[in-house]
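Shared between the two complexes below is chain A, which pairs with chain B and chain C, respectively.
Entry: the complex of A and B
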């Protein structure tokens, strides 16, 4: 049983918006990281990751987000997480991600905070 | 039977097999009317315990025994691997600040299990590792 994972991306008000769908495991984390890197090379510094359609994550998948935060910190950029299930928000809190990344209820709210 | 449901399985080492256990857990929890919030946290615990067993067993091919015992009030998760074991006390607690600037961003499983469960027990020796997690569901 291999999990399906899909990722969509769009640029909205100078922000890269990534929407995950499915299990954020090693593969999912890597997909997010690869998509981010494509845009980061082109100067994107504001990123939103919506986890609305991800009900399960694991710490290996989330570890890739630390790498994204690290890269954004170097250019004074910022990452926001949105639409999180409470257990996922708790996981990210335990890992300390919100010391460096923001959180918002919706994508629009995150974009507003980033601009 | 209504008050105490059990599920036992032996998982082979194949990609994303932890989702089979998560699906079983979901079914049990829905049957007992457990809240979405508690189910979500139980999912994370199960996922971390199983991937920890698979990732750190130190064997090329292995199996993981998983057992859930659930009532409306409490979930007991038992995960056992037959790998080479490790010394839990020698595992350094991860810190995001220390992880930044280093290659290894992983190693969060034990911290998440300790923080999200209500009780956590790990026993490990050269014959494998047993993790017992207790999660209050009310």
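Entry: the complex of A and C
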């Protein structure tokens, strides 16, 4: 069930920055979750997900992101979403993600808010 | 005895607090961790291991390890179901949903053996775990319900938003791609396609998220589709492989309804754009017609010349913006007047173009002063060459010498023209030939000569007058034959203008609310007494 989805990650000012590229579905969500867990075990508590190159997300992809939010809440961590297409922002709003996660226009702005 | 009561009171308070603590658990690990603290506090034990097994699963997952010396429950260890055989204290607790916890307790801190009271206490705590687990499960279900409701809201919202967005995008791939992307994500399909065919030939194919092979998925029946036809084209939306966290599952009825709704939105949008374009095209045609009508207006005379000793009036009422009728009265270089009436087959711009050609050529020939027969031959060929096979012009021209009253006329396939002599005799002017443009040959046109004397009247008209129709589809001429109409006493002494006005009023009265079916043109000449 693989789709064309790419994920890159970097650590910037103690924040894990994940950049998605493509459809955030089951496959995409799993990639994000795996990458997050790798860093979460090492103590990362601040995460930024940039959706600049993702125009479509489904609810399976969203369920992975909710899990990340829950894991971060347990350790008083925080997740920020950035560079969102207006329809994706609306989708995440309706699904209730911004009750527990933050949003910012850019990665820099999100990192500034997290620190 | 007092010790036992105190102990029971302590346990009761401890259970109550324990239940509150366990009920706050957000996941199984938290639940197990809190339970571990409750058990250890109540039984004063050194260590405890807690395992969990999902419904119908064989594998036990280790949640809490606080005593590594305890015999582990290995994966697929069926002996976990008969834990009495284990040393120390152990218990398997079945949950309401078919899952189970396994508790392995280490030695007590005071190194004493577990007694019956400990076993009863552990049973009570297990009941506490069961109750808390039910709370935990209900919370999970509540979370899933909220998630599911949010998704329904999202689907409805997206359906409305997408409808608005695609209606703004216009035709083309934009709306098709947008609709496909949205419906793929909202149904949790992993991919989708749209095939547009015309006469069984694929003319457009769109994939999301990228091109993929459809045949294996169709063969495995891992898809749903929605098809509509519009404007000779078939639009086939297909969604493939519904995703879940556990893998591919079957699409449900809601998915099909959602896909049908998106397809219907695209269908309606395409129809709206088609109708909008048609309206624009119609507006453009109407603009062109208005321009042509303005040109036509220049050809039809605003006023007629004053002819000494004569009274003349005319009218032209086109059915559309541009008519196919033409009339005029032109003063020639030799002081004669040319009285003309013509009717082009058909209406609208093609008819107006022919009238325009006729007018230009006629003006040139009249100016050159050539005879009527030669002119008719030339005009016939010009119109023949300038028009399509179904277009022709019926034409009547009379050259009037106002001094002598001599009238030379040529009728090229037009209605008979009436010359009403003062003595009430009617002469029908019919001599001429075939309509212009009907035959591409040098037709032998002929003319006739008559004399207009004092009190004589001449009526030139088109068939829009005689064939004006009322609601019962009766023609004006059937009720008012023109020869009779002309000789009616009430029209004997009226002016040319009054005659024309009266004629138009009578036609309007006759036709009533029935829309005008043809151009109405008439030219009336009276030689004064």
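One rule holds for everything that comes next: the second predicted complex is superposed on the first by the 113 of 115 C-alpha atoms of A that agree within 3 Å, B and C clash if a C-alpha of one lies under 4 Å from a C-alpha of the other, contacts with A are read in each partner's own complex, and residues count from 1 in each chain.
One rule holds for everything that comes next: contacts are C-beta pairs under 8 Å (C-beta built on N, C-alpha and C of every residue); 3 or more make two chains touch, one makes a residue touch a chain.
Everything numeric in this text was worked out from a predicted model, so none of it was measured.
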TODO: Superpose on chain A as described above, then tell me if chain B and chain C fit or clash.
DONE: clash
Open item on the list: I want to verify the contact counts: of chain B and chain C, which reaches more residues of chain A?
Closed with: B
- [ ] Could you say whether A:36 touches chain B, chain C, both of them, or neither, answering first, second, both or neither?
- [x] neither
- [ ] Identify the partner contact of A:22: answer first if only chain B is touched, second if only chain C is, both if each is, neither if none is.
- [x] second
TODO: Could you say whether A:58 touches chain B, chain C, both of them, or neither, answering first, second, both or neither?
DONE: both
- [ ] Quick one: classify A:100 as touching chain B (first), chain C (second), both or neither.
- [x] first
Open item on the list: Quick check on the superposed pair: does A:90 touch chain B, chain C, both, or neither? Answer first, second, both or neither.
Closed with: both
Open item on the list: Going by the contact rule set out at the top, does A:74 touch chain B (first), chain C (second), both, or neither?
Closed with: second
Task: Overlapping segment of chain C (options 45-53, 189-197 or 423-431) - the one that collides with chain B in the superposed model - done: 189-197
- [ ] Once the two structures are superposed, pull the chain A residues common to the chain B and chain C interfaces.
- [x] 1, 3, 23, 25, 55-60, 63, 66, 70, 87, 90-91, 94-96
Open item on the list: Which residues of chain B touch chain A once you look at their complex with the stated criterion?
Closed with: 14-20, 22, 37, 40-41, 43-44, 47-48, 51, 55, 94-97, 99-101, 105-106, 108-109, 111-112, 115-116
- [ ] Enumerate the contact residues on chain C facing chain A in the complex.
- [x] 26-27, 146-147, 150-151, 153-154, 157-158, 161, 181-182, 184-186, 188-191, 208-210, 241, 243-245, 247-248
Task: Contact set on chain A toward chain C in their complex - done: 1, 3-4, 22-23, 25-27, 55-60, 63, 66, 70, 74, 87, 90-91, 94-96
Open item on the list: Taking the touch rule as given, give the residues of chain A at its contact with chain B in the complex, in rising order.
Closed with: 1-3, 23, 25, 55-60, 62-64, 66-67, 69-70, 73, 85-88, 90-91, 94-97, 99-100
